[in-house]
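Please see the structure below; I have some questions.
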Amino acid sequence: MIEFIVLMGIVVCFSGILALALNFQWGLGGMVNFGLAGFYALGAYSCALLMLKGGFNTFFAALGAMVIVGAVCGLVAFVTLRVTEEDYFAIVTLGVGEMLRLVALNEDWLTKGALGLTGIPRPLGATIPPTSYPYFMLALSIALVIACLWALNRLSRSPFGRVVRAVREDDVVAATLGKNVLWARVRIFAIGGVLIGLAGSLHAFYYQYIDPTQFSTIVIAYAFMAVIAGGRGAHLGTVLGAAVVMLLLEGSRFAKELVPLEADQLAAVRIIIIGVGLILLLIYRPHGFLREYRLQATLKEERPEPQPNTPKEAAT
Amino acid sequence: MSEIFRVEGLHAGYGAGDILKGVDLRVEEGTVVTIIGPNGSGKSTLVKTLAGLLRARQGDILLKGTSIRELSPPQRVHAGISYVPQEYNVFRNLTVLENLKIAREFMSGGRAKGPVVSDELVALFPELPSRFKALAGNLSGGQRQMLAFACALAVKPGLLIMDEPSAGLSPKYMTDIFDCIRKVNGTGVSVLMVEQNAIEALRISDECIVMATGRVRMCSPAASVLEMPDLQTLYLGDAATGQEPWASKSAA
Amino acid sequence: MLQTAFNGLVTGIIVALPALAVTLLFGVLKFANFAVGAMMTVAAYMVYALNTELDWPMLPATVAAAVAFGFMCILMDLVTFKPLRERGGLTLMVASLGLGFVLENVARLAYGNAARSYAMDLARPFRFMDIRMNREQMIAFVVATLAMAVMYVLLTRMPIGRAMRAVADNPALAQVRGIDSAAIIRWTWFIAGMLLAVGGVLIGMDRAIEPPMGASYLIPVFAAAILGGLGSPLGAFVGALLIGIVSEMATLVIPPNYRIGIPLLVIAAILIFRPQGLFGQAHIRR
């Protein structure tokens, strides 16, 4: 039982980091990343390949993965955000995510395609005995989550954080105030990418085997649910949200014993629950269960719909 | 003459706080009433509330004695009120003809009879027929205003509400539009308009209402307001004499 | 090569239906609906059920399913999107993502992952000017073209179509011109639902019926709508044909598995050079 909790804990941690990334990009930066699964795969594969083919050790491989995903995200943001239409951005990220997964699936020479990569090393794998390894991994994961939380909080409270919020609230105003909107957005997305790379690396370390099927839409569903449950913009809340979502849904694996459904169907039910949960949360608990720092008094998380096509006069 | 329209104690606003702080006014049937006032007085908010685009928070709006406060904008249209907004008052991506067709089809609640392009329409708006196939967004400002006006008249309303009909128009179009309003009024349509070009508007009006800071300050026959030698002072107040703008005056 | 172009044309005309649905929904409801893929999937399965379990021929099955699905879309809007109407495009988009998950997996729950096909007699393909056309392609071509023609008439000649375009152009003005926005929204969903249902069936005939079938078309569909200009029905049609043909032609030079890269590149190119697409307005108001 303890074993199970420890393993669960580890999964919660890297899912939490993934959710943090999404939260940063979307909740704070206003950029929806529908390609999350693909970038996550990029992170995992980069880390694995850097170790297996490049001979890097786990630390540098993870670092490398973080840099790679961060750079790719930055590039995508740069190319796309010449026009700041949020709908277009979502579709582009969806497409890029799909492309990344296709590459993972098809480029056998690099990724072994559907067979996946096996024998992925893990940090200090040689030093720590297998029986106590999970505890080490859990400790490491928790430490990393805390590090990410700390870093993101510092960022939020820094001048850059103010720019981020200004851009999200009203990019036209932010632009007239001289903030370089495009550059800020690129950085936001790239920082999110760095986190995704880290989560992907942890994923690779934990499972020690990766294949394309691990990076399906379930990943996105979990992450969005976690971010919304945690309250967009509230970092700690996001991690808690991830924990709750993950526990509820992974815990339902036990339901297999009780419910007469096949594995396929049970998986489908889980996603249905996530989808419905996502919608219900959006409708009834849009701010999740924690609030964003700084916006306690006036909740202006959503950009209020401007009166369409009627003159924007507040008075007169 | 009977009263066709009345507003009682109207309160409305966009966020916290009200912009309209208790507006009272009435329109006699068949008259032209012009509302003037400085920027920020709530004139545009008032017409939007009357059209139904903004919810009234307090007070009542009565058309021919019946409250229309709970009616949606389409319902108010069907009840006999036509509204011409100040900007974005035509469908820019539709042609002139389509704009007119929509007005006709939907303002009448499907009961429209006769052709879209009636003789009266052409008489009032001679410039329009030649541009039927043009996209409304490609018209000049003045032509758009004319189109907006024509659409509002697609079905003869009991009350026509206009928000700054002459805003941004060249002098030629300004004269044309006030001319049109006068003619339309001549056919029995009551008109309630908000205007910045006070003098021009008052020349064709019967009543003048002055608004400031969300309330009606003065209500007087247009003719007497025009005769006031200190209309400028009235408008702006006088720093020298310390006279406040919009001091209450009874009909002179 | 002509064969490839023809295949692309057929793909394009199939994509035109959901692309039109997307553009109509975007115009009137002001958000990008990412559930359209899964919606097509569900409708395709509905026809499958009627066709294989109740033995209905394809035509009545499709018509019945299309009408039913139209109503289902109205219902889905009521439950999912209406409560979020005031919250802006981003939120609606994410909600549509959730709805897509639900729909796709309801299909998976009901029918599992195995690919299925409609009960249609096999027919020999025929040749015309060196191009091989099978019957499914011909049906797709005819049906889709017919649907487009009907939509054209609806949008340009009929009051309801004009009203939809008016609401898309200026919702507040539409109201004061006597148009009941709520009714128009229902109509838009109904029409979009029917388009998506027919599109789903055509895809199911062309490929196979399986849970991810609709979602795999998301990118080409959006690329078509964006290329044509979000909000422009003519644009959706032209955009779809272009995307279809170019994607197929591209498989002559790039590996077919990466076919999806083409629509993606198109989107990127459009964003950089002409964000309003071919026929869109220069400024998309929200």
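A, B and C label the chains in the order they appear, each numbered from 1.
The criterion applied here is as follows: a contact is a pair of C-beta atoms (placed from the backbone, for glycine too) under 8 Å apart; a residue touches a chain by one contact, two chains touch by 3 or more.
Everything numeric in this text was worked out from a predicted model, so none of it was measured.
Among the remaining chains, the Cα-based centre furthest from that of chain B is the centre of A.
Of all chain pairs, the one linked by the largest number of contacting C-beta pairs is A-C. With centres taken as mean C-alpha coordinates, the chain found closest to the middle of all protein C-alpha atoms is C. In this assembly, the C-alpha centroid of chain A lies 53 Å from the C-alpha centroid of chain B.
Averaged C-alpha coordinates put the centre of chain B at 43 Å from the centre of chain C. Inter-chain spacing, taken between the CA centroids of chain A and chain C, is 29 Å. Across the assembly, chain B contributes 53, 85, 88 as residues in contact with two or more other chains. Within chain A, contacts with two or more other chains are made by residues 307, 309-310.
Annotation for chain C: residues touching 2 or more other chains are 169-170, 172-173. Of all residues in chain B, only 51-53, 72-74, 77-78, 83, 85, 88-94, 98, 101-103, 105-109, 151 touch chain C in the complex they form.
Chain contact summary for the complex, chain C toward chain B: residues 159, 162-163, 165-166, 168-170, 172-180, 281.
Looking at the complex, you find that chain C touches chain A at residues 26, 30-32, 34, 80, 83-84, 86-91, 93-95, 97-102, 104-106, 108-109, 112-113, 169-173, 218-219, 222-223, 226, 230, 255, 257-258, 260-261, 263-264, 267-268, 271-272, 275, 284-286. Of all residues in chain A, only 26, 30, 32, 34, 79-80, 82-83, 85-88, 90-92, 94-96, 98-99, 102, 105-106, 217, 220-221, 224, 228, 262, 264-265, 268-269, 271-272, 274-276, 278-279, 282-283, 286, 302-310 touch chain C in the complex they form.
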